[in-house]
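Presented below are the structures under discussion, each in the form of structure tokens.
After this come two complexes, each holding chain A, first together with chain B and then together with chain C.
And then the complex of A and B:
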């Protein structure tokens, strides 16, 4: 008797899962993790990725703060769990219609998928560093971004990085906390990334002097502050509190940086062989299109806004549409993964409530 | 024509007389006051200017063109121009012809101030004469012109869009009194002369009014009341005049004299400034010109309201508006009276900011970057004086692409140049001036001037129009040619020193405020662009160009409002879908660059990309 009831309960609990499709927009860490979780629950999951590969920014990164875990190993862990998830690469959402509590989604490859719930996890884009023209990205030969540096760590290929740089500088907050760049918010992850990269670059070029130009150092997470101390003590990275005002190039194509050391109250001028710009996060380029198609609310910067900022962050303003990851604002990787799991649960609860 | 009323007097002239005596006394005192509080040097300047034939000619031309015919408004809006000109010129002609009539027919009444106005009441023509008919015709003709203008003015109050104005000013109480009086004066004159026409005779208008009205109202009983009403309304108008916007009628000629003498305001309520603020006719043309006014909430910061609060000595409000203004000069370019409200706002800022402390003693240690870039190996070392001094300016240092392009142009044409602020320079002083800190600005200007003089260069090339304006206006560098790089490049093309490829690309040119309205440079950049591609038109061009929103003129405008202006400006630029937006100011470049979907480049970049 007891086992029958239990079996019956399990059967009932699972039918709603098998009969419902879930669409996930974005194949980055949070999109992947949510697909894995929902797939495990028994839902039919369709993952849509506009790029030609899965993994988002994680796939392009080398190592992760604070413990320098390889990005590749994390991504492999996530990907192991999505076996059986149907995914489309180089695909975007073309249109969406709501038919009696079910969304009908047409993709750019012509496929039409009916779905009970949709998870928007389209992530973020890097702030285009060339917009801060005073830093000379794209104009001077030896200016790169944090993403370029990660790529160099991974591949060792970048003409802009000279053989034996004597001095290397990092500029924090490029396109974040910058009203003139249109972004007043903090991008959250660049401080820790810069400190991590400064250490790594010092490992690569032990003889080089490394400078970090910062406004504040926001080392808020577990192990971050320790990383910052390690950078100073063990790696001898020099932290200068002050924004870089302008960058010029001398005849030898070296970079002449002007900044103010606000702690000593003096102007600083340094000649560098490499300048790394810590480009912040901005809303994903397709978020406006998605917001438009689905009539989703966004904030003044184009990030999606959840129902509230604490308890219902995963719920969008539209019934059956959910958010996860950096599409609602700058997030660290662990946060994005947690949100993906939270969103998977929220979707499960929502679909259960429809039965 | 003969005098009909013995003694040439009737009590109904009294209200008018009270008004006219009041206004004349008021104006006389005001004039003496303005002249007295004017700085001594300005007074001398005014006196001297009144002796120079060239300036006298310009004064007469401007007074006729601006005050009476309103040619400036005609040029941009013919109907609105007609409205203003018909009232001003028509009224002026009525007064002139009235006096001629008195002088011709009743010379014994010459000099009686009310006589020409109420002439038809006192004088009658018993038997028609050709001379009399001519005057009847002329007076009726000009009365009709004025009436047509009044009709349009009423229409403008009800529907400003009918006269091509999106917005119109809110009149204050004195404005309303004067306005309604002004509206009433001429219809009442028509009625008074109409009712009297049977006795005095009349022209096509008054005579036919008479025939029409006589049938309904009779004649005799209405004659005197109408003249009384006419006189009362005139008197009231003159009493309200000093407190209303119509004060611009008597003030404008004085302002023209001061302006043409080359006097600039140094204080928002002294000397020329006083004449300037009373010359504002509150017409509201600046409301539509102001780039901030795409948002309704900003209308209160328009120049017209700034001047109104300045008149009322409302320091809090004037300071608020003065600090908010972008100083783009669009309202100044559009103003039919040429009130330079930006200069007034600047002097208003000075009343506060000039008191702030500053210390530029460190300037003494600054030396110019002396390394001469000799691109031409054969250049003689003796010909130092022909060097070009390149002054990029601090904004250009934030847009290194411009500097890179300029150095590549210098190298291409083998120019021998000194890069003055390669290693950082001194601010040109314009931001300080815009903020009203004229005293502090003098110090940096003096130092920069010394550096330029010591360099021995005879030509300065500037990349930033903000520097350009202050170099031209305040630096006093006789014998040194000051060029913006648009002009310099244009010269290179004209001299055949720079050969460019004409590409398939299309460009639209954005006139930066400080280069266009500020320095009057409109054609050179367009010539340059035509040499490298197709030049497309923008919706608002040249002196109507909309500020990019990044102007450092405003001290308090917030980022959201600036973004709105940037969008508006970009929209006006891209109506013809150009491939690229070209500008000639590093500040515009940066501001547009952040917002624009169409690529934005500086003219130097566009040229450097297309060198043969």
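And then the complex of A and C:
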């Protein structure tokens, strides 16, 4: 009887949680959220971030679609829960060895950490817009990216944005759905971001005309279609269905846009004071190195592939190594957070199964 | 049939039941990439002839898909074969080659 009670106590005490380390690679939203959850469960969590600050792209964004919630407040919420998590900034993984059922990970700062499970959450990079030379990013004076615009919303500093722009344009699908750029996939979040930013820029410059050049508007999430309606109805954003084929600069440093208005079947030209390129998502710069070190499978674009695309997305092809967030493909922020929690549970189940 | 002294205008509706598939299937055999078009309009936007004439490969593909060959030809007959559309196509369709195949199959005059 006593032994039964004792066994039951041990079973419920989840002692496996106290005796195992988990390493998390990437200090963006999904890495942070998974750290918080695993830490709460009782694991010893080590978070590794290659940048000099936590938060990933979220730390650089101003407001989030569809409700324009401040990115800062979401990040603060997430960071509140990682108190007690040991994290390393400016650090990368140097090497990894598998000893029996445990990984031994050596970091670039010389630290060695043994871990039972590893979560890869290294996220994404923005597509480098200068690669689409025909749009003139880095060549013309008034061409910026979605990230530059968020930075301007945050800081108010950007010389490329003139005082009173009369016409502003947004180009969707920059580096996405583009075989010439090497990325056939849709980056998923740029449509909603463009519509959000079009509204915000109209708030900043009420007298400006705002144009969005799109191929398909993929407003798939809750509240996104409403955001689109709001942009049309309340902000008067003009949506033109056609891909911008080229951009030129005139003598006044304005931008002359060429596209086809495919709905009327006519080529269209418009002169703008500011052009915003919606740079899509690509695999993170360090994902190739991590894939190599850990022998992880990636797809043709360098994103990690889970065991399958529906039921076992969080499980990598290697025992004890898991994925969360945009390192497996473009994701929205809530999706990344949900995946982080799912990965935390998957890791807990995995470690428990080893006992 | 008794004539009532008036007639109806012929329907302008696209009738996919009547589409002659022979030439279209021949085109697909020669140019399977024609099916990749997502109608973004890059080709038309960059077209050298498109500003002055109604040249538009995107429109031509759409009309051919709908079996409207006559209308389709209107959109390609002024093509200069400069190949600029090939450079901008995001689905990497060899548009210049496609235009030549269209002209071969649909015998442009």
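Here is the rule we go by: the second predicted complex is superposed on the first by the 343 of 355 C-alpha atoms of A that agree within 3 Å, B and C clash if a C-alpha of one lies under 4 Å from a C-alpha of the other, contacts with A are read in each partner's own complex, and residues count from 1 in each chain.
FYI, a contact is a pair of C-beta atoms (placed from the backbone, for glycine too) under 8 Å apart; a residue touches a chain by one contact, two chains touch by 3 or more.
What you see is a predicted model; the values in this text were computed from it and never measured.
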Inset, instruction - Kindly classify A:215 by the partners it touches after superposition: chain B alone (first), chain C alone (second), both, or neither? - result: second
Inset, instruction - With the two complexes superposed on chain A, say which partner A:131 touches: chain B (first), chain C (second), both, or neither. - result: first
Inset, instruction - Using the touch definition from the top, say if A:182 reaches chain B (first), chain C (second), both or neither. - result: first
Legend entry - First (chain B), second (chain C), both or neither touched by A:265: second
Inset, instruction - Once the structures are superposed on A, label A:290 by its partner contacts, choosing first (chain B), second (chain C), both or neither. - result: neither
Inset, instruction - Considering only the touch criterion stated at the top, classify A:326 as touching first (chain B), second (chain C), both, or neither. - result: neither
Inset, instruction - In the overlay, work out which of chain B or chain C sits against more residues of chain A. - result: C
Inset, instruction - Based on the superposed arrangement, let me know which partner A:25 touches: chain B (first), chain C (second), both, or neither? - result: neither
Inset, instruction - Based on the superposed arrangement, let me know which partner A:140 touches: chain B (first), chain C (second), both, or neither? - result: first
Legend entry - First, second, both or neither for A:246, with chain B first and chain C second: both
Inset, instruction - Would you please give the residues of chain A that touch chain B in one complex and also touch chain C in the other complex? - result: 134, 179-181, 246, 258
Inset, instruction - Would you pull the chain A residues touching chain B in the complex into a rising list? - result: 131, 133-134, 136, 139-140, 179-182, 246-249, 258
Inset, instruction - Please name which positions on chain A make contact with chain C in the complex. - result: 134, 173, 177-181, 215, 241-246, 258-262, 265, 267-268
Inset, instruction - Can you check the complex and tell me which residues of chain C touch chain A? - result: 38-47, 50-51, 54, 56, 58-59, 88-92
Inset, instruction - Sort out for me which residues of chain B touch chain A in the complex. - result: 397-401, 403-404, 422, 424, 559, 563, 589-590, 593-595
